[in-house]
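Next, two complexes with chain A in common: one pairs it with chain B, the other with chain C.
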Partner chain A sequence: MKKMAAGHCVRKPQREWAAYLFLLPSMAGLIVFLLAPFAETVRRSFTNALGTQWVGLYNYQSVFHNEAFRLAAGNTARFLCVCVPLLLAVSLILALAVRALKPGGRAFKTAYLLPMAVPVASIALLWQVLFAEKGLVNGRLVSLGVQPVDFMGTGAAFWVLIGTYLWKNSGYDMILWLAGLDGIPDSLYEAARVDGAGRLQCFFHVTLPQLAPTLGLVSVLSLLNTFKVFREAYLVAGSYPHESIYMLQHLFNNWFLSLDMGRLTAAAVLVALVLLVIVLPLQRVLKGAEQL
Partner chain B sequence: MNRKKHWWLKTALCVPAVLVWGVLWCMASGALTGQAELADALGPALGLPGSESYARWPLLPDAPTLQPMAELTLDTPQFFAMFWNTCRLAFPQVLGQILVGAPAAWAFSRLRFPGRRMLFGLYIVLMLLPFQVTMVPNYIVLDALGLMDTVWAVILPGVFSAFPVFIMAKGFDAVPHSLLEAAALDGAGPLQTFVRVGLPLGIPGILSASVLGFIEAWNAIEQPMTFLKTPSLWPLSLYLPQISSSALALAMAASLVMLAPAVLIFLFGQKYLELGIQASGLKE
Partner chain C sequence: MKRIVSALLAGVIALGLASCGGQTASSAAAGTGSAASGQTAGAGGVMGRWVQQEVLTAEGMYPSDVYQTADGAVHVWMCETGEAGNVFHRYTAVDGVNFTEDAPSWLAALPAGSVSLTVLGNGDVLATQLTPMGEADVKAEYFYCAEGAQPQPVDWGLPEGMVLLSADPIGLSSVVVAYSPPMEGVERTYQSGNSSQAEGFILDLATGQKGAQVDFTFAHQSSNSSNGSPFASQANTGDSMMYLTSAADGVSLYELGMDGRSTLLTGGSDVLQMGSASAADSEKNYYQLDTVGITRLAYGGSLNERVVENRAFAYAQPDIYPYGLLAAQDGSFYMCALEASNEYNITVPLYRYVFDETLPTQSTESLTVWSLNRSDTVTAAIAEFAKTNPEIGVEYTVAVEANPNLSTADILSTLAAELLAGGGPDVILCDGFDCEPYVKQGIFADLSDVLNRADFKENLVSSFFTDEGVFVLPMRWKLPVIFGLPEEVSALTSLEAVQEDILSAPVPPSGETLQEDAYAWKEPGQQPAMIFTGADNLMDFVLGSSLPAIVTAEGVNEDNLRTAYSFIQAVGRYCQLPAATQGGGGAASTGAGGQPFILSDNAYFRAMVGNVRYGWADAISPGMLSDALAAPAGDILSGQNPGKTPVSAVVRPGLCPGAFTPVCLTAVNASSSKLETAKSFVQTMAGKTVQDNNFSEGMAVRTESLQAAIEAARADGEMMEYFTGDIQAVLDSAQTPVVVDAALREILLPHAQNLTDGSESVEDAVQGTVNDLSIYLAERR
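Up next, the complex of A and B:
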């Protein structure tokens, strides 16, 4: 039998009860609104739409064979693959630049973070005018002698979406990078300079390796935030977008309107599984990096 | 030493900054422009008849006017209803998140009990779930409780979100254990310690969670779109993107009024917003 540790490590039953009481409202809500119904969601993904009859993997097959699902999943994957690296690069550059300015960087920091607070709905009209066929951007292009682009009716919509997403979310990642940069001890730079390292060498041999744990974190958070890209898609194109920006949330909305519970539950479980598969190994990597 | 370099850097940094301030400028100038001038300038982009060339934005209105703003605030009850709807969804959500979340965050951060690490891990996983995953479980409960198509359908799932608990727990981590021991020696119970020591010292974390929570709730589109069917319950975020071009000036004024609270809260709470973002990135 283990001996009780001395001093303040002794667990007092009264305090433990207090902890559970503090947790109670939050836990109860999570169980009622998320955990219990999630179990029900998993169960219903294996039954018919009414939840009365076991149908095995039928719902999952039906999801996989669905054209719209393939389109939405493909677009979402494509968006993740293009957007996350771009977002990481842009926000890192902004963070490095803002930091290089030291006191003067404050105003820029505010400016880059501000779009985060701008409600998507409030700038919808401006975006429509910007990217319409006879819109502001095309007007500028034509005056420069360039062919106008049909932004909303072609695959260009995808790039408008990427641009909008970067515009709105770079600030958030920039703050995360800045926190990571602040965590690098000055002594490392001094040591590198003593060894004769220049600015670029300092960056590649000190800054980048030291940012590795931050990179993992920023990637996970950016990846998860991109699932919210529906807002930007809705801003750019309303409920009926060009097929290049038809995202999972559009599909889920459609299935929801027709109350297609079979497919909806199966697809929700699939998204959860894919996220777990992506995020858990990344977290392992992070934990590993921390122990170094 | 390297003044010159900074000069270049500043110029380069101005480009993305202009993209941000430019948008806000456009919103402000648009809201101060009259209907006729707006229709004339934006008409080509919105497909209004009788316009050939490309659209332009009235960056400096020819005849600045407060008329649309006055019309919006004085004669447009529908707008007020929707503004009120947005408030009715956002404020109770943030308030609930703090009332429910702060004690839980305190327990995770400053109390020791069996199962703590496992439960906190569970919160982190739940916090990471996107709406695509949570909407179906939420719907199943809301439907069973008969809450669909009421404001509670948006408020309640929001209140029990795991994210604010995580942020506030990071804030409470700054409360030194020595203070808690001192409070215990003075005979304070767990509740007194939380209220007298934890809450005052955890204010930065609570503010961080509030600012992030408010911006999220004010911007929300997916949740009201899914859980609210009756248009009279809709917040501004659902209405503004489909405004008709016949009421351009009103729409511009309404957009500015929706933008203003979020931007003001941002400007006053920027410090806490940054703290909150940093907390979301801190390893456990």
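Up next, the complex of A and C:
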């Protein structure tokens, strides 16, 4: 029993008990909506479609040998590797620019956030208007004497998807970067300037290291947002788009409609593991940078 | 203090969670109660539901009217037609249940040649007698028949030059006499009026006294230039008449009083239906009958409530034609109907719907049946199943009707989620989506124990009965055919032959001018070979007889794909087809043996107009082969009439021999908790009673039912005179089931359209298709 002050003796196990009680609703939600479904997914990855018969590693073997999965995984990895760094860079540049334009930068902040508010269906419609065979972009190209491009039927679809992703998420990441930038004490910049550092040196030696925790957060959120781009791709190109934008979610969606639950869950577990492998070390590295 | 506050907060949270759970359970219980059943809470729970009783059945007659007199007795008139003329029979039930034939005193004196009886509010009758006058006209005479008196001729007292339109019952012994000038150009006197110009008055037939002039303003709103009553869906209340009028804002209910004026009761309804059997009770509540049940519109109200709802009842059956509805004094309902599975087999049942408070509201057991689109076979099976399993309620969910705002993909996602979770409907119809994955994943139960292979046409079901069992079976089927002159159509044995024939004939009309140009008469030597409405239509022509040969279990057969695309390119470019079909016409009716037929534009211009060499269609009945396809009527506009010419039909040629379309693919959910009941329902679907019906969704798969339909079509000698083909041989040649998966169609269609407009070569289209299909096929490996 810990004596806090005269007349106030609080027993530690009681405080813990009360804390767990308050945590109970959140824990219950987490278990019911996240952990239990994930456990069931893992279980189903070792069973048949109905989950009644154990099949061992058959589903995993089938997934690894499946061409559609390999194509989708490759496209998704390619998309992540291109998009996430691009988005981080673009949004950081925007944040720095908006900050430099203070106080006029507020209007730009709002403007860059607007794409987030555009409904997915509207974006799909916009795509069709812009990038269809006889859309606005091709119309412009033809008027300039350039051969029209089949945006949705060729590899150009990949770059349209990247452009949409950047356009939609830059504003959000910019806000996160701005919050991070606001958290850097001015005293650090003053000290650096006293030591003779120029603007670029301040950026590389003061700003970037101080943004490391923000980088971790923005990276993880950007990574998760890449999976949302499936919505636009599905609305425009359907269940079977051009192979360059055939993502894991297309495969999962089609396998679900085919009731191929075994392979679907096996692939989902694999994706979760891969993401875990990426995110955990990233968080450790950035946590280490934060402590420094 | 902190401990007390902690405990209080924890208690609040716990209480909140507990009350949320309790509220959810109680609102779920309230939601499952059926409002239509008029449930009453008893000591043991909720009791009472509507039951159907077949209180009278007559054969070989036509129903006339069902009504109730002031003493509570229920009467129904039926008409027996014969060479000697019509003979009327009246059946009466004092208790409303046990009907016996009785004859009013005037019946024996009813003049010969009487064709119809109109029952007045007091049970007296207005009889119509027709006497032929030459070739094109008849003379109509009317008689007022009252109990205890001789039939008295009725003099309408119409103004000079007017013709009678109708005499509709109002009040006890009165009618609303409607008349108009005769239609221009019509020389006959009977049924020659124009209801949109109706005028009239109320006439008391018992006293002969003329009453008020009638204002037809509101009745005119929905009347078109036709003879007959200007009032739709009438119901006599005893001192007024209710009727419906259709306008731009919807259907309105009016009450016509004895003063000749109409009062609006409810306006702009999208629930009231013109032409439905209607009735009114003593409190002037208005009732209507539809395929779901009986609705009630309270007098002076605007809410149309469902009083009786049960899709297992007779009114929901596709071969039941309601003739009259009675809202009885004791709260029950009577429906007089004509049940005609074909024109040679007619019965006239009288059904009574009564609320039985001794029965539980919900059936002791219920079965769920699911399909994307409505199936007549399922509807008929539900009624048949209910006869032998009255305590099992069947809930039929038609997905597109129940979820009008969802896409097909979303509906199928929901179904997949339910099935994978171990739930889902008990019986599933797989029309409209690819059921092979469902079979492969073990979702469906083996039906070998309830379906005997020997009962079905072997050539139709052999692909479905496998060594592992039968997991899905079509209950109906359609046969894609091409029809035309026997010597010409017999040469169409391949796509190449069809292509050659099309390219050697004049270019057919298509696109926006199709409807106009296709009616223009062409001499036999100048007729085009076939009509296609668009590149999509052309692609469907090919895929319906070729798809399994193009997309096989091993992958895409490029040679077959090349053949198919070559055909599409050659024919599509020659016919200058638009990318997609726009609009469309056709015809649907019944033909030989009372069997249905549906003719789209592809078949209509050959079958009904006769100025195209071939037609192509999906044969949905043997009678369609022998009747609808065999009677070119000539050019409607120019009056050219080639007369009926010999016709034969062959299975549509393609890359698959004997391609046919299986329909109503039925399966049972292996996870169903009512497996045996579900299998029993499927057995009912495949049983003789249901299979004997003629439905527009396709022909029976049961051997004896199909044979009976073939014999019925052959027995219709008038039509068989022109059809020189062998119906049996054509139907027996079906062997390859072809189901076109929507996803595959969506992948192939752009290439078909590009081939037609010349923007893609055959080789590019083949390679493009192989690429497009690579992912589709890879997913399934």
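Operating definition for what follows: the second predicted complex is superposed on the first by the 251 of 292 C-alpha atoms of A that agree within 3 Å, B and C clash if a C-alpha of one lies under 4 Å from a C-alpha of the other, contacts with A are read in each partner's own complex, and residues count from 1 in each chain.
Going forward, a residue touches a chain if its C-beta (ideal position, glycine included) is under 8 Å from a C-beta of that chain, and two chains touch if they have at least 3 such contacts.
Please read all numbers here as calculations on a predicted model, not as lab measurements.
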Once chain A of both complexes is superposed, is A:227 in touch with chain B (first), chain C (second), both, or neither?
first
Applying the document's definition of touch, where does A:238 land relative to chain B and chain C: first, second, both, or neither?
both
Report for A:165: first if it touches chain B alone, second if chain C alone, otherwise both or neither.
neither
Of chain B and chain C, which one contacts the greater number of residues in chain A?
B
Identify the partner contact of A:246: answer first if only chain B is touched, second if only chain C is, both if each is, neither if none is.
second
With the two complexes superposed on chain A, say which partner A:256 touches: chain B (first), chain C (second), both, or neither.
both
Per the contact definition in the header, classify A:25: touching chain B only (first), chain C only (second), both, or neither.
both
Quick one: is A:49 in contact with chain B, with chain C, with both, or with neither? Answer first, second, both or neither.
second
Which of the two partners, first being chain B and second being chain C, lies in contact with A:115: first, second, both, or neither?
first
Across the two complexes, what residues of chain A are contacted by chain B and by chain C?
14, 18, 22, 25, 238, 256, 261
Flag every residue of chain C that touches chain A in the complex, lowest number first.
2-3, 6, 9-10, 13, 17, 409, 412-413, 416-417, 419-420, 422, 434, 437-438, 441-443, 670-671, 743, 746-747, 771-772, 774-776, 778-781
Which positions of chain B touch chain A when the two form their complex?
6, 9-10, 12-13, 16-17, 19-21, 23-24, 26-27, 30, 42, 44-47, 51, 53-57, 99-101, 103-104, 106-108, 111-114, 116, 119, 123, 125-126, 128-141, 156-157, 159-160, 162, 165, 181, 189-191, 194, 215, 218-219, 221-222, 225-226, 236-243, 248, 251-252, 255-256, 258-259, 262-263, 265-267, 270, 273-274, 277-278, 280-283
Listed in rising order, the residues of chain A that touch chain B in the complex are 8, 11, 14-16, 18-20, 22-23, 25-27, 29-30, 32-34, 36-38, 40-41, 44, 94, 97-98, 100-101, 104, 107-108, 110-126, 128-129, 132-136, 138-139, 142, 167, 170, 172, 175-176, 179-180, 213-214, 217-218, 220-221, 224, 227-228, 230-231, 234-235, 238, 248-249, 252-253, 256, 261, 264-265, 267-268, 271-272, 275-276, 279, 286, 290
Quick one: in the complex, what on chain A touches chain C?
10, 14, 18, 21-22, 24-25, 48-51, 66-68, 71, 238-240, 243, 246, 251, 254-261
